[in-house]
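Below are two complexes that have subunit A in common, paired first with subunit B and then with subunit C.
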Partner chain A sequence: MNEVVLTPKEQPYVPIETSTIKPDDFANKSIDEIKDLEVWYGNTSSKIGDFFDVEGESGPTPAETNILIDGDVYNTKRIGQGMTDGKITVNGNVNMYVGAEMEGGIITVNGNADSWAGQDMRGGELIINGNARDYVGSSYRGDWRGMTGGIITIKGNAQNEVAEYMLGGKLIIQGDVRHMPGVHMNGGLLVIEGNVISRPGGEMKNGTIVIKGIVSEFLPGFEYHGIEKDLNIQGESIKGSFYKFKGDFSEKGPDGTVYVAVAGNNHIVP
Partner chain B sequence: MEYIIKNGNVYDPLNKIDGEKVDISIKDGKIVDSVSADAKEIDASGQIVMPGGIDPHTHIAGAKVNVGRLIRPEDSKKDTEFSKPDSGKRAGTGFSVPSTFMTGYRYAQMGYTTAMEAAMPPLLARHTHEEFHATPILDHAAFTLLGNNWFIMQYLKEGDIDKAATYASWIIKATKGYAIKIVNPGGTEAWGWGGNVHGIDDPTPYFDITGGEIIRGLAEVNEMLRLPHSIHLHCNDLGHPGNYETTLASLDLPKGIKVDPVTGSRKTSVHATHIQYHSYGGTNWRDFVSEAPTIADYVNKNDHITIDIGQVTLDETTTMTADGPMEYDIHTLNGLKWANCDIELETGSGIVPFIYSPKAPVPSVQWAIGLELFLLVDDASKVCMTTDSPNGGPFTRYPRVFSWLMSNKAREDMLENKVHKWAEKRTSLATIDREYSFYDIAQISRSSPAVVLGLSDTKGHLGVGADADIAIHNFNIDNQDPSADYGAIESSFQRSSYVFKDGKIVVQDGEVTIPNHHGRTFWVDSLYNAELEKQVVSEVENVFKQYYSVNFENYPVQDEYVLKPAPINGIKEAGK
Partner chain C sequence: MEIHEDVPCPFCGTICDDIICKVEGDEVVSTQNACRIGNAKFVHAEGAERYKKPMIRKSGELVEVSMDEAVEEAAKMLVESKRPLMYGWSSVDCDAQSVGVELAEESFAVIDNTATVCHGPSLLAVHDVGYPVCTLGEVKNRADVVIYWGCNPLHAHPRHFSRHVFSRGFFRERGRSDRTVIVVDPRESDTSKLADVHVQVEFDKDYELLDAIRTALRGKKILYEQVAGVPRETIEATVELLKKAQFGILFFGMGITHSRGKNRNIDAGIRTIQDLNAHAKFTLIPMRGHYNVNGFNQVCTWETGYPFCVDFADGSAKYNPGETGSNDLLQNKETDGMFVIGADPGAHFPQKALEVMAEIPVVTIEPHRTPTTELSDVIIPPAFVGIETEGTAYRMDGIPIKMKKLVETDLLSDKEILVRILTRVRELKASK
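And then the complex of A and B:
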């Protein structure tokens, strides 16, 4: 396994867009060729070498190529977009769209991520060890066909409309979220281990949401189905007692499921 | 600048040129008899030369097109263009509803130089013209929607055909419109009341007038005004199984009306648009069958009618029409997002994304019905190429449709390997082996639309005096067989080797070379009866004060909106 190390120079004021930072683009290239790969700086075509010192050696295939971004890249977008294999590790924060459209491989962010992490994800694994903002594991804007596969884990908190239009795969948020997690969800599994401010599963048609913390405000479009213990969903075993709801009946013939921990949530049960 | 195009195989149906090698001389934007020795020579050996393409029915400008763009960012993502600031080329996005600039570029790349916006609500005419302003290269015009207009319905109901004609001539002039467009007559008005009408004898609420009365009335008005184009009719019951009977009854209504337009050589009294959507048999989607042979037979036997097809291309696209209730039906059918618009006293509209999956039975039958109509109507001068873009599919698929028409093998490949078996079982497509020639293609995409639009003096042909709008496509008829090499048809029409617009090379090797060339706006400037017009306009002003959301003064399209006006001088005081 070979590793290419990108050490960020000063982050630019205008965010850069770097979907070329992925093993698929780096594999089988010399360091000079990697430095020459295109990134967008605002509306200007630039090069990776303009924003990073590049060292190490790439592998012959994406699977054999690790990329380490050794530093904070808070103004760098689209890291690993569309990657199919290999690994990316970021020792710092990232901007929007990390791991968007990714199909395979592993991205680990040892920091926080901005919005749209894992948007339209197809496969692979995305781990954010800090917090993430809005639309984690969402669809592309306007599309009703979102994330179909892969696993996203957020170790910290996320914000609004996570798993929007999710169709498959898993999204696990170990901290809290804000409004409307799983909005328009149509498949897959969303686990929120912390608290939810409001409206989980709004207009969901299918898929499963499990909430272990407290839901402050729940929607009226769900039907109560009693208490269930120790869940097993998509190979994920989740211990505890949960209120089970089906919905959202604001949609035609919905088959979505929301489990909410019994502890602390008796205010949402009819 | 002078050019001479040499050695190409020319297809120019209006001048009866069928693949012969004829030199085409160009000077000052026009086709001329001869040019000087300084003329730049374009060698078109091994290529085909046609007049620039003309789209008689597309949706490229105005409010509903723009709403389509707004509600579909995920469509924008599917086709994008970077800007090239030094050449003036603008960035653009959109597959089924491209942005304005990209609309101009994409049409031009295919050799199309004229396109007609098929549905302009008078109230939104300014917006439509603003978008034309930002749509480069193409000559264009917009059809003014009148089939659900309160004034028209009122005057026709009162039997005052003179007032209806006066209003029509005034509103076309005021909106800088080109033709009378009728969409689901009475039905869109009924949608304002939450309903629809069914067939041509179902009266619309309040006005108590039927679709049939509106069609016949406006067909008479059209010929009283001697407009260049006939009425442009989107029949009632679009997209409903069993609607072919409504279609046949509607097409019979304008029969026998005397036709004598001020310009051009049109002899027909009705243009039935996207007729594919109106050729359905059966009673529901389960027993849905094609009635294309019945409709084609009617078209073959009658000379007062032309059609365009509205071919389904089996893509994910965006449906948009002034047929508001029909769009609501689509939304309930596919469950996808829906935008709806009520345009005050005039019309309505709806927009819904649609996935015509080749694996699904109904879209496969719709695909086959379109091709049946193309192939079963014997005389290609009655047929125009459209997909009702973007409704049946985006206009960028025209080259693919050409390949289906020109190659039986292409259709067999679709039937055997790509589409649902209903395409074979519920239609007659598999039994048809006719193949279009390049001459036929030149008719449906050039000469037929030019004639029916009344533009054949300067458009749709390559004779002396025509506008020098010319497309050159890389297909060698001496050693390529379109029937076998249907992939080459598609690629050669997708990216023209040269396109001339007004005598300038606007596309070369498939790339736009003059991105900021501006096309002309055709519109009809007529006056039916000055005295009556004063009276009608004052009635309109009164209604404005009561019901409209804008002031009357903010309604007509001022001259400033039209960058390159090309008014057609219509009748003057014919109704006096």
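And then the complex of A and C:
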């Protein structure tokens, strides 16, 4: 396995967009060729070499190419967008759209991510070891087909509308989320280990949401189905006792399921 | 003295087109039929400080300059910025907006209008679930159930209620008494005082109430005895009332577009209207604010495919509110130069956005002294559309209205100013 190390120079005031930072673009290229790959800096075309020191060696295929971004790239968007194989590790924060449209491989962010992490994800694995913002694993604006496959794990908290229009795959958030996780969800599994403020599963038609923390406010369009113990969903075994709700009946013929931990949540049971 | 009849009013999205204006010389001296806000715009209320000459800020002070110098500075800002933001566009006519989109494309800028802090959430919901609209004429002639949700037209659109609810229509010969008015608002307002039913939804719980209404519409039992402060029985009774409508209309405003959930509230609102059409004829119209805010969304959509927040950074049109909205760009410190026209972000944007506006160069096309001009480095005053120059504007229901010219002026129109800047931008780019 070969590794290319990108060491960020100072991050610019206006963000850069770097969908070329992925093993698919780096594989089988010399360091000079990699430095020459295009990135967008505001409204001008620029090069990777202008913003990063590049060292190491790429592999002959994406699968054999690791990319290490060794530093904080808080103003860099679209890292790993559309990658199909290989590995990206970021030792710092990233801006929007990390791993968007990803089809395979692994991205690990050892820091925080901005909104739209794993937007429209189709496969592979995205791990954020810090917090993420809004629309994790969501759809492209206006599309009714969001994330269809792969696994996203957020070790920290996320904010609003995570798993919006989710259709497949797994999204695990180990911390808290704010409003409307799984809004318009049509499939897949969303696990939230922390608390939710409001409206999990709004307008959902299918798929499963499991919430282990406390849900402050729940929607009136669901039907209560009693308590279930020790769940097994999509090969994921989840221990504990859960209130089961089906809905959202504001939609026509819904088959969505929301499980909410029994502990601390009897206020949402009718 | 000249009398002009049937003048469309260039203030709010209602664009009342029955105003009578009395003109003496180059001034409108009085109006009939207009509301107080419209009248103030026509007669050009006292206290407003009108700019007549272009100005540039030199060592902190605004100094009068020639039009050429101001255009030069504006063009330079657009060409030199890495991520220019062009914001406003809601109080200018459609021709100017069209040149604006061209200028944004030429400058590789982001172009956005006031919808971003107004009905932007409605536009987002429209992508997701559609837009079942009608015209205000249909409301006047047909509507027997009128819902105002999260808006207070008696203050913000003062003649909206009288023109579409009190007025007699073809199928509503008795006017107000032929209609049931429902106001959904957490507060008692002057509009709610005129309503037959005031649903006092809890603040920030619009989505919950809509979810319950839709659940009841499908004949399912609402999970809780009380939702958003409204008892289950009241919701079910209201749903029955809505189902019996011959022609229902939902007007909605900032109270729902900017309460918790934003675009999702509108999303659920639109879905409610769609669901109601299984039982009754139902439509909706957003209560647009500026008289031509809708016009920008129309122009921008036919030019670029997107209604607002359009990013031309790499030459093609890209769109993602949340990233390419004015407040996103300012608050995330992404933009390094701002162009403002036909809006007053200085008065309406949050503090965090204004702090960034104060740091970056700001070019403003604006007839008055406003909080925005206080933050501006270049100010170019245009003629007023609908008073000093003609133009087309789109009413809140999407009907284009020809705005009239009533008085003469030496000032250039917004379009003429934009064409000059566009020409200069092209020259500067060619010489690079």
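Remarks
Everything that follows uses one rule, which is that the second predicted complex is superposed on the first by the 270 of 270 C-alpha atoms of A that agree within 3 Å, B and C clash if a C-alpha of one lies under 4 Å from a C-alpha of the other, contacts with A are read in each partner's own complex, and residues count from 1 in each chain.
FYI, contacts are C-beta pairs under 8 Å (C-beta built on N, C-alpha and C of every residue); 3 or more make two chains touch, one makes a residue touch a chain.
Fair warning: this is a prediction, and the values are worked out from it, not measured in the lab.
After superposition onto subunit A, partners subunit B and subunit C are found to clash with each other.
When the two complexes are overlaid on their common chain A, residue A:W40 makes contact with subunit C while staying clear of subunit B.
Contacts of A:I227 after superposition: neither subunit B nor subunit C is touched. In the superposition on chain A, A:W144 makes contact with both subunit B and subunit C.
Legend: residue contacts after superposition of the two complexes on their common chain; A:G202 is shown touching subunit C, with no touch to subunit B. In the superposed model, A:K252 makes contact with both subunit B and subunit C. The wider contact with subunit A, measured as residues touched, comes from C rather than the other of subunit B and subunit C. Counting contacts by the rule stated earlier, residues 141-142, 144, 252 of subunit A appear in both its interface with subunit B and its interface with subunit C. Of all residues in subunit C, those touching subunit A in their complex are 81-84, 107-109, 124, 127-128, 207-208, 210-212, 214-215, 218, 220, 222-225, 227, 260-261, 264, 267-268, 271, 312-314, 319-323, 332-336. Interface residues of subunit A, counted against subunit B in their complex, comprise 139-144, 252. Considering their complex, residues 13-15, 40-45, 96, 115-116, 134-135, 141-142, 144, 161, 179-180, 183-184, 198-199, 202-203, 217-224, 248-252, 270 of subunit A touch subunit C. Only residues 71-75, 77, 335-337 of subunit B touch subunit A when the two sit together in their complex.
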